[in-house]
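Structures incoming, each one as structure tokens.
In the two complexes below, chain A is the common chain; its partner is chain B in one and chain C in the other.
Coming up: the complex of A and B.
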């Protein structure tokens, strides 16, 4: 690599556009957001430094903790997402006749804009005459308030998240499975391992890094969820939603940038903690694989 | 392996596949069926004679012409920016030795951890301060450069043999020429995959355009469709037709570009 000659400034010129955009957007804004959390509602008056009061307000707000609890509940979508997308990947990779063509239809939800997905699922979960409630009523049950009442608002939005996400994660798992040589699996079968045994002892260890990756990406997006809730359960009181809709409500509904930013920072800390857990798990997996 | 599979297992797998496909395409098809029903009929019935009347209503009353044009512009613009800027940044990160290399990599990785929802307030005030509020540029630029794209391109460039680059250097090629003539063509499949994902992401984006766009003529399609909720009191089916209209272009695009959807592309992302 070092044998190639280039002018000293060249690498920086190549990097300039990327670093300029990401620097302004992320680094500058992150600094600015920390500053905003220490100011009072400033839309018209100008900055008014108040120290950590906003954090105190946020952390002592019952509404905030309800939304945090809802966000954590929303994380339940992650294991389901992993199970469904891994199952789909195993089917695609199974060598079953026609299995490869599954990829295309299963990717359609990924391509579908979230707003369209939300509109479609609103039809399925409509409380008066939607498919699900009509079915429930036909079976003699009461309809469920899918679009207006916690925890059902969360379940409905999680369904949209699951629907829109599993095709993407399926591709990640298919990529992981490509790395498990078919011969290895066949050899294990010939040696008398059961199908379950092959999966547990050969396939699972090989795709463990993919599982960890999907776990990380999907739990972070679950914590950041906005679009699904915003459209699917539109207009429902914020206590039936999660953190980001609450941030949006404070910032652009009430114009309280200080409080909204403080909530954003708390969310950032939660996400950071999750990333740490991920790093731990990934390292543990590597150590086990090394043994 | 397949020839030894017991019959019952194969049947089970086909059943699961059918269920997954139904789950994947069912809601979208249901939406299309509802949108194709004549206005005034029972909302959830799909047995009437299909008509395009709702689509006409959605298009005209919803004024979706500008949003469609805006969405196309923003989507292509963002995909192009993402591919070009990521490929530019990835070249030195993959192939050059320089002092700040590790720092630059770390910086890009660190910005990946910041969710855009956390910085939406200062981004909003920055956009307003630059006089870009309610313009397409505000949607186009800020989140156009993905760290994912930079790492994806870097992975692809690292696989290109040194010898090609060396030969070009000896022939007197500049770094920019090498990037253009060697790196980009050889990494074309990766760039295409990145473009595909940028297009899908940009077409769907709702949160940020919702924050920075205000006038109807500047809306992107998702924002426009979102604004239409409850606006068709006389014929709610128009709303579903509007949603389908936002779905059609991306589906067409996806079918045209689907050969770039190769799982091998993700392998690097997993390892990285």
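Coming up: the complex of A and C.
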């Protein structure tokens, strides 16, 4: 009996070190952030407990809600990201000659540091002499204020997110596609299904969990976007940006960790709610498809 | 391993990081009085190239104060705010920190600095240039001592000016004069005549003061006590800002001036997209290294000034933070680094100026003989020396146009936020001034300070025409 209990406890003992580190890193940090949300400018002077005032300030701030709205607008990058990465995965998995060798070049953006990518894209979108505007002008159009005018500031950052992210999601889809039995596709084709039909009726349901996963991860990343905006459009009014740059501005621009932490907690709640709703809908969709 | 041994090992593995983490975090606790041998932490701002100088000064300080030890960290210019905030949040702020006047004002508003007057005595004040010392004097306290100073000089690309039919003689020497011809210059050449940071890191609040347009006024409150009020929306300021907005909208100023802060000026000058910049003379060295062609076309001229005729002095200060465990020794270190001897030494090694009155008579700050040197390396040195001499002359009449108000950074930020929207989003200027003025009233209502904190020097004789050195003199 005692030996059985010992055996049951063993895995948990192995997990303990990791859980302890995680506890310190996550639980303590989270607790500290929650505490900061209830204080005012404590950096040098010491704690000044103000209850829930910071939350009231954040929730009544027009600037905060504009940035939240921008964060949700930024979610528009997600369907494009899924379409592009799924398209790239289908190409790589198509069996066409040389298609497999595309994996490496398509994956390069993923391993490129975001800062480097954003700086490069900043040059591409430069308003006076950038590649895009030079091209537009050569075609007889006016240049676009990619780096300074709303909503183009968001579009510029979204382009960097798209370019930087699609390679990773492509690999997720490729893994999903490899798990689809070739016999199923062949059987469908023998039964007279077109290529589109095979994709719609065989491949898509099989990789649906991958699509859900990519949608969820890329949506959460989009809501938390920072690097791309920080490098490409830093300096534009904060109302042109999303919620995390606003948090950064309050924490490190104004030194107001209380407000910044309160914004962080509200953002956490928003992302949690978004993810739960999304997962529930996805599960429902999956169940209906199974029926 | 038996069961007990296994549990002990697992327990130890779990406990070790926790105990280690706790001990590490205790390192940031205030242990004043218990460990006098704890080294003083000195942070400098972007002084890595002066490593030898800093180490020499630290060695001298340690020799003069037996038992004292100093650990030096150099922090990049862009990172100081973030790094200082993060270290303070962890209870590990440095004892002595070097920062710019702008950054300093911000940390003062957080109550980050120790009053140095009781530690260094009143007599220490007399050694510094009053215009520089004023930055650290807030509400009757001395919250920092001035260290080295930088003021600006004009670098003008003569070839670009010629393309726009402008010579060094006809180049306007005031901001108003430049604004008047900038759109025309852009139309003629496709390049920009000049630029300053207008939105992000805006220079305009400082320039109000340089133009003699004080954006605050004093008013008696209900109890008869004088209180600061915003005067930002008065017609003279609106008129002044309208000139900038009109020039920007007529493409006389680059859009980078709104979003990129100070960095855009040097970058665009190197790229031959900007003909004139008002910048520290040390920038000449960088141009000679990265853009020798542009360097060859560059002339060094006296700084552009506002209506008062006085150029702006940027003051680097040394302050002691509240988290120090040895305020007296830290204040001694700050005074040691800011001593006349140390300041002359750093001026010798870099293109900066001293904040100690006695040091300005050193031959280093006299104009060089243009006939002596001729090869390229010597020419770089000669021009840098010229820049240093030009700026040291401007220094005697210059003023740090930064208000010694705790809330000054908040006022600047509110202005920047509003003015960016005027320039980029087309918000009407009058509406922005009204809204920002109300915001300023809200900010000053919760802050201390009076009009004595705002630099309001008399205009120089003949102001509006040029600075303290005749145009063209520097290039002879």
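Note that the second predicted complex is superposed on the first by the 267 of 291 C-alpha atoms of A that agree within 3 Å, B and C clash if a C-alpha of one lies under 4 Å from a C-alpha of the other, contacts with A are read in each partner's own complex, and residues count from 1 in each chain.
Definition applied: a contact is a pair of C-beta atoms (placed from the backbone, for glycine too) under 8 Å apart; a residue touches a chain by one contact, two chains touch by 3 or more.
Since the model is a prediction, treat every value here as computed from it, not as a measurement.
**Student:** Name the contact category of A:280: first (chain B only), second (chain C only), both, or neither.
**Tutor:** neither
**Student:** According to the stated criteria, A:200 is in contact with first (chain B), second (chain C), both, or neither; which is it?
**Tutor:** A:200 sits against neither chain B nor chain C.
**Student:** With the two complexes superposed on chain A, say which partner A:257 touches: chain B (first), chain C (second), both, or neither.
**Tutor:** After superposing on A, A:257 lies in contact with both chain B and chain C.
**Student:** Looking at the overlay, what does A:233 touch: chain B (first), chain C (second), both, or neither?
**Tutor:** A:233 contacts chain C only, not chain B.
**Student:** Considering only the touch criterion stated at the top, classify A:6 as touching first (chain B), second (chain C), both, or neither.
**Tutor:** both
**Student:** Identify the partner contact of A:21: answer first if only chain B is touched, second if only chain C is, both if each is, neither if none is.
**Tutor:** A:21: touches chain B and chain C.
**Student:** In the overlaid three-chain picture, which partner chain does A:145 touch, first (chain B) or second (chain C), both, or neither?
**Tutor:** second
**Student:** Which partner chains sit in contact with A:189 here, chain B, chain C, both or neither? Use first/second/both/neither.
**Tutor:** first
**Student:** Considering only touches as defined above, state whether A:171 meets chain B (first), chain C (second), both or neither.
**Tutor:** A:171 contacts chain B only, not chain C.
**Student:** In the superposed arrangement, does chain B or chain C reach more residues of chain A?
**Tutor:** Result: the larger residue contact count on chain A belongs to B.
**Student:** Which chain A residues lie in the overlap of the chain B contact set and the chain C contact set?
**Tutor:** 6, 14, 17, 21, 24, 234, 251-252, 257
**Student:** In the complex formed with chain A, which residues of chain B make contact?
**Tutor:** 1-2, 4-5, 9-10, 13-14, 16-17, 20-21, 23-25, 27-28, 30-31, 34, 43-44, 85-86, 88-89, 91-93, 95-98, 100-101, 104, 107-108, 111, 113-115, 117-126, 141-145, 147, 150, 162, 165-166, 169, 175, 179, 200, 203-204, 206-207, 211, 221-222, 225-226, 229, 239-240, 243-244, 246-247, 250-251, 254, 258, 261, 263-267, 269-271
**Student:** If you look only at chain C, which of its residues touch chain A in the complex?
**Tutor:** For chain C paired with chain A, touching residues are 3, 6-7, 10, 13-14, 17-18, 21, 81-82, 85, 88-89, 93, 106-107, 110-112, 199-200, 254-255, 258-261, 273, 321-323, 410, 413, 417, 420-421, 424-425.
**Student:** For a test of understanding, state which residues of chain A touch chain B in their complex under the given definition.
**Tutor:** Spelled out, the residues of chain A in touch with chain B are 1-8, 10-12, 14-15, 17-19, 21-30, 32-33, 36, 84, 87-88, 91, 94-97, 99, 102-117, 119-121, 123-124, 126, 129-131, 134, 163, 167, 171-172, 174-176, 178-179, 182, 185-186, 189, 195, 209-210, 213, 220, 224, 226-227, 230-231, 234, 244, 247-248, 251-252, 257, 260-261, 264-265, 267-268, 271-272, 275.
**Student:** Quick one: which bits of chain A touch chain C in the complex? Just the residue numbers, please.
**Tutor:** 6, 13-14, 16-17, 20-21, 24, 41, 43-45, 127-128, 145, 147-150, 233-240, 251-255, 257
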